[in-house]
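There are two complexes below, and they share chain A, which is joined by chain B in the first and by chain C in the second.
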Partner chain A sequence: MAYLELSNIVKKFGSTLVLDDINLEIQKGEFLVLVGPSGCGKSTLLNVIAGLETLSAGKIKMNGTLVNDYEPKDRDIAMIFQSYALYPNLTVRENISFGLQNRKLPKSDIENRVNNVSKQLQIYHLLDRKPAQLSGGQRQRVAMGRAISRNPKLYLFDEPLSNLDAKLRIEMRMEIKLLHQRVKNTVVYVTHDQTEAMTLADKIALLNNGKLEQIDTPMNIYKKPANIFVAGFIGSPSMNLIPIKLAQDQREIYFTLENEKGTEFKIYVPESKRKEAINHLDKELILGIRPEHITQPKKDAANLKTLQAIRLMAEPTGSDLFYSFNINGTTTIGRYQPDFVSKKNELIAVQINIDNILFFEPNTSNLLF
Partner chain B sequence: MKRASFRNITKGWLLLSPMLIVLGSVAIFPLYRTFLFSFTDAKIDDLINFSFIGFNNYIEKFEGLYYGILADSTWWNAVYNTLFFTVISVTLETILGLIVALCLHRAFKGRGIFRAIMLIPWAIPTVVSAKMWSWMLNDQFGIINDMLLKVGIISESVAWTSNSDTVMWVVIFVDVWKTTPFMALLILAGLQIIPGHIFQAAKVDGISGIRLFFKVILPLLRPTLIVSVVFRALDALRIFDLIYVLTPSNDDTISMSVYARENLFDFDKFGYGSAASTLLFLVICMLTLSYLGFMRLTSEKI
Partner chain C sequence: MSSNKFWRSLIYITLLVFAAFYLLPIYVMLTTSFKSVDEIRTGHILSWPNVFTTDAWGKAWFDACIGISCEGINKYFWNSVKMVIPAVLLSTLPGAFNGYVLTKWRFPGHNIVFGLLLFSCFIPFQIVLIPTATVLGKLGIADSTLGLILVHMAYGLGFTTLFFRNFYQAFPDELVRAARIDGAGFFTIFWRIMLPSSGPIIAISVIWQFTNIWNDFLFGASFTSGANSPITVALNNLANSSTGAKEYNVDMAAAIYAALPTLVAYVFAGKYFIKGLLAGSVKG
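And now, the complex of A and B:
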């Protein structure tokens, strides 16, 4: 039985449909990340789970119990907000113990919990400070401490790292992951950052326009995005989406890639995909290929096809060098070794790993094969 | 460097000067004139020929008896009335305003309309609303007596605005009716600065509204409340129009301002009235400063 079960969740604000028939299941101890562009409804979904927003339709079950009409406090959840939502006039100690005092726990128990949690999160030395005297990272630690001290059934994170600077964000990300591995708590985590989603999640649920686009493990989503939207959203830089047409010659099924100069290169569809490809002959399709599968020529192998293209922009990131090309009239990004030297507008060799190509249907935008 | 900063300073004064001129002509100058007149025996119909009489308007010993404002029991009565009115009305307005603001802070259907309706008492000129209430409270024709009689709460008409037991409370009641919306609006502005996630976090943590209010919201509202109370207290200490219209020449409600006006215009003692005005100014000044000083001393750093 699923630990948290959402079925047919609908939420409307007036006539605007914010959540459109969402179905989700989370197992105990699982880390689920809700990801999507801003305005996709992910925070609303989190608020619905928390009970801060009412449902227009649908069912929420926790541990088998229908909790639709439960107050937030009766759902045994803890929430961590982007803005930390600490009580500014209370000390760190009071912030953590404030929620505990309500549960009529003995004083010594509260004290123990505050001490344990604050040692665990390395905020013990800050217990007597006020939130304004803390850095962003410390504040988020306090907010997490407040949540952990309650020992809830379910943790809800609402973009907890978005207010932190880049370096701190990565540090806190690791800490959250470590914490989850140690405590084995059940988490629903909202973010718009696909890297956060990839690194943290056991399971990613990708939302767009109030609809669930795909729900799967990070690697499955990365390797087999259900549609063009998911393909473009997960991964950085995004997956290249190139319009192509499948054709057949005496030998095999192929498609052509054309560089800016008009030179065409025939690329044969790999054997594993031929069965499917044969059903889509002479059809316009979208070819999906990630930048790491468009590289400088390394060796010859059956699955590596080399073509020539004019190198346009260069984006060095230190560890990688991203080049852009114009292929079939579409800007296409390839990942090169950082020491690769070339000039702008120079015709250079581009190697494509055809084992890792995907085909999408342009009208429905769904993954074909 | 030096030249530039000199030019900046000149520019600053230049930009400030229109405001300073206006302020000087409508605030400083009249204040100075009043202060000056308070040491003279000027009359309202002759503000040119007067002689300085020192502190005689304030206090004067004549044939073994003390005269002047500070020896006038009516003045002290007016001071008492004003302070009583201020303390009670501002306290009630703050508490009621806080309640209204907390209600309006929640999002509900028709909040905008309700907020607009709520402001009507504040939008009506005081003279108009005072007259309105004086008719409603009229002992023979007033709707209030009529309603109370019909319901059976009172057995005979009450002369609300002349009965010395009720008259001050009537003044306070009308002032509270009129000014609570203003207070509510100020406090609502203060409430809206408090980050909304705090309320959500408290809900999730199961902290009751009352505990959240006293432990978190009220302390966070403190700066707003201080400013609002100062605003209202300044206003209340100068109370004039409401009392002047609702209960004219009644010793039970006479305020410092009404006392000053009586002397300035009705009794033709311009110098004496000016002295009363000066004292009124000093009282307000001292009370405000000591209130702010007290609040600063007791406020905790956030």
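And now, the complex of A and C:
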């Protein structure tokens, strides 16, 4: 039995459909990340789980119990907010113990919990300060401490790292991950940052326009995105989506890639995909290929096909060098070694790893094979 | 002298002249209150007192005649104090509560309720005099401090609601949500989270209400008489009592007594007042 079970969740604000028939399950100890572009309904879904928003339709079960009509405080959850939501008039100690007092825990127990948690999160020396006297990272820690001290059944994170600067964000991300590995708490984590989703999640649920596009492990989502939207959303730079047409010559099924000069290169579909490809001959399809599978030529192998293309923009990131090309009329990004030298508009060799290509149906945008 | 310096001096001189001009009435009040009646009659209105005397201050407080009773204004001063403290508290606290509900626990039609409360700020006092008198009469609290408290409370609620509603509008919803998850109920959130963070707006509301209620003359004159009058009405009666020679020094001392609490309130809380006025506009 799933620990948290959402079935057919619908939420409307007036006539706007914000959540459209969401179904998902989370096992105990699992870290689920809800990810999607802004306005996709992910925060609303979190508020629905917390009980801060009512449902228009559907069922929420926690540990087998239907909790639709439970008040937030009766659901045994803790929530961590983007703005930290620390009570400005209370000290750190009071902030952490506020929820424990409301639950009428004995004084000595509250004191123990506050001390344990604050030592664990290295905020013990800050206990008598007010939130205004803390830095962003410290506030975030206090917010986490407030949640942990309650020892709730379920943790809800609402974009907790979005207000931090880049360096601190990565630090806190690691801390959250370590904490999860140590405590094995059940987490639903909302973010719009796909890197955060990839690094933290046991399972990613990708939302778009109130609909669940895909729910799977990070690697599966990365390698086999269910549709073009998921393919474009996860991964940075995002997956190249190139229009192609499958054809067959006397040898095999192939598609052609054409560079800016009009030179065409025949690429044969790998053996593993031939069985499916035969059903889509002469059809317009979308080829999906990630930038790391478009590289400078390294060696010769059956799965590596080399073609020539005019190198357009260069984006050095330090560890990588991203080049853009125009292939089949579409801007295509490839990942080169940072020491690779070329000039703008120079014709250079481009190697494609055909083991890692995907085909999408252009009308439904779904993954074919 | 550079032209820049010249203009700057001119600006300061102009400002000083205007400041002096605006301070003139209080100068006249103060100097007159320390003069004897004879000196007022013979001297110039702007002249400095030849002989300082505090007789007028004593007389105004203890012996001045208001109507037929010659017991000074102290009784009326305390009438006003007894009116203003409960009236300020009883209009500020429900105003805060209204603001809390209207922003954090929205219900269908909350905008209409707020609109109606706001509308009450714009009803001229004169229109409601007769209905209010009738209501006070039916409640049996006409001609009493209690009646005035009720009127000021009802009339103040629109303003205090407006203050608090706008302040709480900018108060992060996430805090309320966090508190709900932390198991705090409707009232706990109000008392422990919202109200303690409302310092600046409480200062505004209290000063505003205090000044308005203390200075009110119309309601005081309409709904009370004689011994139950607030100080503003008593001051008017004192100045209008026409027994013997006009004692301007006593009138002035009494007027300063009457103005003192609002002045003191502004001097001590004015800092918060200005801070509070800015608080809504600057996020922080």
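By definition in this document, the second predicted complex is superposed on the first by the 369 of 369 C-alpha atoms of A that agree within 3 Å, B and C clash if a C-alpha of one lies under 4 Å from a C-alpha of the other, contacts with A are read in each partner's own complex, and residues count from 1 in each chain.
The definition used in the following text is that contacts are C-beta pairs under 8 Å (C-beta built on N, C-alpha and C of every residue); 3 or more make two chains touch, one makes a residue touch a chain.
Note that this is a predicted model, so its numbers are computed, not measured.
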Checklist outcome for this item: So, after the overlay on chain A, do chain B and chain C clash or fit? They clash
Next on the checklist: Contacts for A:Asn23 in the overlay, against chain B (first) and chain C (second): which applies, first, second, both or neither?
Outcome noted: neither
Next on the checklist: With both complexes overlaid on chain A, does A:Pro72 touch chain B (first), chain C (second), both or neither?
Outcome noted: both
Item to check | Touched partner set for A:Asn112, first chain B, second chain C, both or neither | outcome: neither
Checklist entry - Looking at the overlay, does A:Lys130 come into contact with chain B only (first), chain C only (second), both, or neither? => result first
Next on the checklist: So in the superposed three-chain picture, is A:Thr217 touching just chain B, just chain C, both, or none of them (first/second/both/neither)?
Outcome noted: neither
Next on the checklist: I want to verify the contact counts: of chain B and chain C, which reaches more residues of chain A?
Outcome noted: B
Item to check | Common interface positions of chain A, toward chain B and toward chain C | outcome: 47, 50, 52, 71-73, 77-79, 81-83, 85, 87-90, 98-99, 102-103, 146, 150
Checklist entry - Contact residues on chain C for chain A in the complex? => result 172, 174-175, 177-184, 188, 192-193, 196-197
Next on the checklist: Considering only the defined contacts, which chain A positions touch chain C in the complex?
Outcome noted: 47, 50, 52, 71-73, 77-79, 81-83, 85, 87-90, 98-99, 102-103, 146, 150
Checklist outcome for this item: Listed in rising order, chain A residues that touch chain B in their complex are 47, 50-52, 71-74, 77-79, 81-90, 98-99, 102-103, 130, 132, 146, 150, 156
Next on the checklist: Applying the document's contact rule, which stretches of chain B touch chain A when the two form their complex?
Outcome noted: 195, 197-198, 200-201, 203-208, 211, 215-216, 219-220, 300-302
